[in-house]
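Chain IDs A, B, C, D and E follow the sequence of writing; residue 1 opens each chain.
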Amino acid sequence: QQAVTLLNVSYDPTREFYREYNNAFAAHWEAETGQRVTVRMSHGGSGSQARSVIDGLDADVVTLALAYDVDALHDRAQLIPEDWQTRLPQNSSPYTSTIVLLVRAGNPKNIRDWDDLVRKDVQVITPNPKTSGGARWNYLAAWGYALEKYGDEAKAYEFVRDIYANVPVLDPAARGATNTFVQRRIGDVFIAWENEAFLSVEQLGRGQYEIVVPSVSILAEPPVTVVDRNVDRKGTREPAQAYLEFLYGETAQRLAGKHYYRPSNPGILAEFSDRFPEVKLHTVDDWFGGWRNAQDTHFNDGGVFDRILAEIH
Amino acid sequence: MSIEIEHINKRYGHFVAVDDVSLSLPEGQLTALLGPSGSGKTTLLRIIAGLEFPDSGRIRFHGEDATDVHVSRRGVGFVFQHYALFKHMTVFDNVAYGLTVKPRRLRPGKAEIRTRVMRLLELVQLDWTANRLPSQLSGGQRQRIALARALAVEPKVLLLDEPFGALDAKVRAELRRWLRRLHDEIHLTSVFVTHDQEEALEVSDRIVVMNQGRVEQEGTPEEVYDHPANPFVFSFLGQVNLFHARVQDGQARIGDLALPTSTPEDQPQGHGLAYVRPHDIEILPDGSAQGALAAVIEGITVVGPTARLELKVAGGKDLIHAELPKSRLRSLGLSRGSDTWVRPLNSRVFMDNGTRATG
Amino acid sequence: MTLALRQPSVIPGFGITLGFTLFYLGLILLIPIGAFLLYTAQMSWADFWQAVSHRQVVASYKLSFGASLIAALLNLVFGAIVAWVLVRYRFFGKRGIDALVDLPFAMPTAVAGIALVTLYASTGWVGQYLEILGLRVAYTQLGVVVALTYIGLPFVVRTVQPVLEDLDRELEEASAILGANRLTTLRRVILPALLPALLTGFALAFARALGEYGSVIFIAGNLPFRTEITPLLIVAKAEQYDYPGAAAIGTVMLLAAFVLLLLINALQWWTARHTRR
Amino acid sequence: MSSLASPIHPLSSEAPAWQRATEEPAWIRRLLIGIALTFLGLFLVLPLAVVLYGAFEQGLQVWYAAITEPDALAAIRLTLLVVAIVVPLNLVFGVMAAWAIAKFEFRGKSVLITLIDLPFAISPVVVGLIFVILLGSQGWLGPWLAEHDLRIIFAVPGIIIVIAFGTMPFVARELIPLMQQQGKEEEESSLTLGANGWQTFWRVTLPNIKWGVIYGVILCNARAMGEFGAVAIVSGRIRGETNTMPLHIEVLYNEYLFTAAFAVSSLLAGLAIVTIAVKSLVEWRDERQRHPAAA
Amino acid sequence: MSIEIEHINKRYGHFVAVDDVSLSLPEGQLTALLGPSGSGKTTLLRIIAGLEFPDSGRIRFHGEDATDVHVSRRGVGFVFQHYALFKHMTVFDNVAYGLTVKPRRLRPGKAEIRTRVMRLLELVQLDWTANRLPSQLSGGQRQRIALARALAVEPKVLLLDEPFGALDAKVRAELRRWLRRLHDEIHLTSVFVTHDQEEALEVSDRIVVMNQGRVEQEGTPEEVYDHPANPFVFSFLGQVNLFHARVQDGQARIGDLALPTSTPEDQPQGHGLAYVRPHDIEILPDGSAQGALAAVIEGITVVGPTARLELKVAGGKDLIHAELPKSRLRSLGLSRGSDTWVRPLNSRVFMDNGTRATG
């Protein structure tokens, strides 16, 4: 059988995970079908990656940071059907994560929960939600927390506004923000995906950082899908489909755990329980009635976030 | 090879650079295009070379129409004022260039090229510079190399645009005598541009005086100098003194001096100006001669064998310039402030209404 | 007479060289830019206006134009000094320094950005000392100015240098002989002669700084209203699938660049006319 | 630099009691040199030092490993490929444009010169956007290209086009003033000597503009290798395929592989230095050719 | 104001540009520094101006040591060969410059400046150009503006470096006469550099002939022309013919022609070369005169009133150049190829061992 090449267009933090996963899948697929498969990767900011696919980047599958970016593939270019998210289990998110707070060793500013982020003496690092998918999770997590706590949209607005008032640098993408916090030593707390936070602690300075898990956070669901128009044209639907389905298998789930993503398979999640503490997690749907809604209300031009920025500056 | 220029016109925008020029340049002669700056000399020369296209008119080489022949096939040698040597090539390669770019079947062999180039370098007395770069030569040497290069392709016509314009006075004087001798040796039909009347008079067989794109006069140096066709040519060829004159009965009268005019028949009558060259002003020891004007010497300059006087005629307001051998000045015993008498020996009278010449 | 498109010349190759030039320009430059402008023109005026006059966008213009202006001014002053020193004085290492001036042309902008932020962050080699002086560079508007100064550096030096080299020493000598002191000579003879080159270099540095992206985003901080440059906003808009918005702002930048170039060329044309020898 | 020929006394000279007519007092000279060196040090030398330090901080081996890693090699290869296509194109364009502009008088010449300058002033981001809008699958030509299975954007051709766009002026800008200043006389004398257009170009014009061409090519090459903003938008960032060196550096940086990022950067910086060295050599030889006596 | 130059030396590296030059330039006179290219004229002039500093030696202005006075306080006017006008200033501003840069307390008022500038512009006959830029003037006009600018600060000394070097032959001739007249009006101590001997002879009161950084001779134009101190000066001042001569008993013998030497006492004996100017070659109709040499005319050129002959003496190998009035040529009835006789009228003999002059 002819060798096949797939292109997986993904976002920044998944590099390490997919590097290992691609090998596992290739071995699996060859064993199963005798076909050699090579997976090419493209990484970048989630939004810009989606834009590239919409503009013609030849992705067979996309594995992005948030459903909204994948929705765009349907909305803007009809590359996938509207119901794409129902095609795979768990809202098409084989692994999840959550938003945590990364602080410097010893937690000098004594940051315990979201509330500490609005303190005047705390500098917060988080990327720009307009350009970074990951940053939108950060924003929504904070908003959800405030909503939960005060039960009031107006209070939530003030709370989030106060957090962003403490942001000295607004990087365009998540990795840039990590570098700002880690490399440049700017800020007291870094709002990060749990997997990114772990990575920072492991790779960039063991013992220099601590992860603070907030009392309430959001369930970050990075979704995956086959890009129908592309796979149909290229005739790669079968391996592409298999590539995504294999993500739900045990090997992949363990790999996800290893790379600090929360496996969707509860059994395997349990294997990593020392790593992933129990948090009260809400979904976007819970709090915001879906990504489209959240995006329209908060992030689009003229949305809540723009109002916040205008008010701060 | 003779050159015939027929009704050539050339404009730049609305500016007429060459205005209906017709000329015939005889074979084997060295013709000077002489005129003030901007008179169209360069433009005409470049049209002859084929470097510029006339708006109308024809150029014939030895009777054959060359107007539409491309410059690279016209067979002219062209020497630029600033030499335009190829800076990156040695002197030898510069001179050999024209031979080496010939189509293969016409190209002489290496040895042949070598001989011819060296012969040319000897001709311009610079064979010892063969391996130098142009930047290692003096201006005069560069100009001679430029000439050798132009001659290498054995042109039928040699054109030179102010060949000595960029050189020092002394080098310039030497080089122009050298050019004259060279021309006598190789006898090409040559045309050179200059704005220096002495250069034109000294070097050329024929002079074409140009002004504002038109030909004012054409002839041998003596013809042009001795019989200028109009006031412009007269004054362009050297210093002049002007006297008011009345023309009557074939005579021009300056004060009470009557000068015969050269062509006495059918003369106009009236007021004119008499043009007199400084060396045609006679200095007289006393006022006895008929027509002598009393004058005071305002200045004396001796340049080598020649003395130049500036005089003021009684009643006149302009200075008169006179030139005489230094020996004569001595024998007259004149000095600054001396009173003396002057008389035009020779004049040319142009009527007020312009160029029609009489005396 | 006919209004000929060009004056005839014996030198061959006009048709083919101009033809190829126009073809290549058309293919790579004009058609894409034309298409881009057409794309923008499809927007209604109201949409266009809203896109380009939004508060955040206007704030980014202020930063981009302001920082570019300051950077170009810095380059104007220091570039002139560098050019002066390189042309007029001899000192050890001059040739090497002279060569180094082209570095910002050759360095990828992203690398420059990373290097500059490493240097000027409050933990960096230079930043830590500036910090002591109370001067924060990285992640402030000052950082933007630093990056833009870096990338615009060669322009003033390289436009002034040849003019200064060609500047007739005799002009300065004439001024001195007439009794002027050095400062007066500088003010009244040298500077006016350098002015066109200075302005050209300034305008080029300014135009280049306006559009710079790669090196700035690393050091800017990118806070909306404060340290967010216009090119970043264009990227942000595009990434939110708002191509018309991005194109609208892009068009403004394009026009600004074009106007600047026209100014430069008008200036050169003017000086050519007025000081021709 | 012709300035060396004029009578300037070096700093060290036995300082005369009087001040020369066109020279500043020694303290001003020193002050100006000091300012210039400080400025250049802060803005040119230190950033370069940062890159080199970062690259070699962990030793040569790490550096070597970083630049021979497959993705790095792929990026280098892609960059070289792009440069190998873009530079000759822009060279031909530059020479042709300079020939047309310097040797002929025609209408609209100044507009043409302005147009050639334009890419200098356009933001790379806008350049990227322009081509996405034109060639992207949502753009005007996108559907047609897709129909004919022509991949331009998010593939090598797209990268080549945006880089060609951004680096277009370099050779032309170098040559236009040079050829204008040289005038037409040498070409004309070649023609009067019977040479045809090609012979004139190869044997007379080219040797005269040789160093200008080399300098233009060097700058064009350096810029083409370093182009970032526009490429980032149209590349698609496929690892090992459409990442040029600057993009790969960004990738490495984002993977927290700082040493590797600086190592690849050091290649580009090294190239810049080589570029600059070659350029100096070019100038030096040029100077010697023009003033052989001075040497 | 007189200028004394005392033992001035100037080297560039190992090259000696000015070699122990001492001169005294009298007040109110126009002195020409004449010499070939590279002879150090410009360097000397710039040293006088204070633009260049001598390695040793002193410059005194009217007895006062000016060697260490800065150029801007030396009070000299300087005119550059290429004018060095400020391109961005109008003609008026150029001329006014020297006044406007004066320290405030010495600076004349606006109206005063205006009057003075306009008076100067009238002096150089260019008041109508006041509002133009230099680029809108012709070369000759620019040079006159440069002169007006130099005069504006009322210098005590006026220095001009090849002031006419960049001009056309005709403009040049006009301007140098004009400069002479201007100098006679304002009577400044002036020094000008030239390499054109005719210019020096015509314009100056004194000539300093330089060669290889040294002064070869100094004197009035006539002294220098008529009594050149050495072969260099002789040949630099015009064309020469060389004849072998035997010097004996106060006489120089060329063939069987004996020429008296001017200073008959204490003469060296032996072999020398006789230098004869073309106009000192007498053309004789027959061989009857004592010492006449038979010659053939190889070429004739008539330049205005003068005829120039190239002759070959029987047995000699170099051409002899002779100059005579055109009228005399006519009366002798000579043409190319004619046989004739020549005789040096006047010569100056220099011994083989170098510069010691006799005849």
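The rule we apply is simple: contacts are C-beta pairs under 8 Å (C-beta built on N, C-alpha and C of every residue); 3 or more make two chains touch, one makes a residue touch a chain.
Just so it is clear, the structure is predicted and the values come from calculations on it, not from any experiment.
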| item | value |
| --- | --- |
| Shortest contact path, chain A to chain E, counted in steps | 2 |
| Among all chain pairs, the one with the most C-beta contacts | C-D |
| Far-end chain from chain B, centres as C-alpha averages | A |
| Distance-maximising chain from chain E - centres being C-alpha averages | A |
| Separation of chain A from chain B, taking each centre as the mean of its C-alpha atoms, in whole Å | 90 |
| Separation of chain A from chain D, taking each centre as the mean of its C-alpha atoms, in whole Å | 39 |
| Distance from the mean Cα position of chain D to that of chain C, given in whole angstrom | 15 |
| Multi-chain contact residues (two or more partners), chain C | 7, 10, 173, 176-177, 232, 235, 238 |
| Multi-chain contact sites of chain D, meaning residues that touch two or more partners | 21, 132, 138, 188, 191, 196, 253 |
| Multi-partner residues of chain A (at least 2 other chains) | 54, 76, 176, 183 |
| Complex contact set, residues of chain D against chain A | 132, 135-139, 142, 146, 151, 153-154, 236-241, 251, 253-256, 258 |
| Complex contacts: residues of chain C adjacent to chain A | 54-56, 59, 117, 121-123, 138-139, 217-218, 221-226, 228, 232, 235-236, 238-242, 245 |
| Complex contact set, residues of chain B against chain D | 49-51, 71-74, 76-78, 80, 82, 84-89, 97-98, 101-102, 133, 135-136, 149-150, 152-153 |
| Chain D residues touching chain C - in the complex, by the definition given at the top | 1-4, 6, 8, 10-11, 21-22, 24, 29, 32-33, 35-37, 39-40, 42-48, 50-51, 54, 89, 92-93, 96-97, 99-100, 103-107, 110, 112-126, 129-134, 138, 140, 161, 164-165, 168, 184, 187-188, 191, 196-197, 200-201, 219, 222-223, 225-229, 232-233, 245-246, 249-250, 253, 261, 265, 268-269, 271-273, 275-277, 279-280, 284 |
| Contact set on chain C toward chain E in their complex | 168, 170-171, 173-181, 184, 188-189, 192-193, 195, 274-277 |
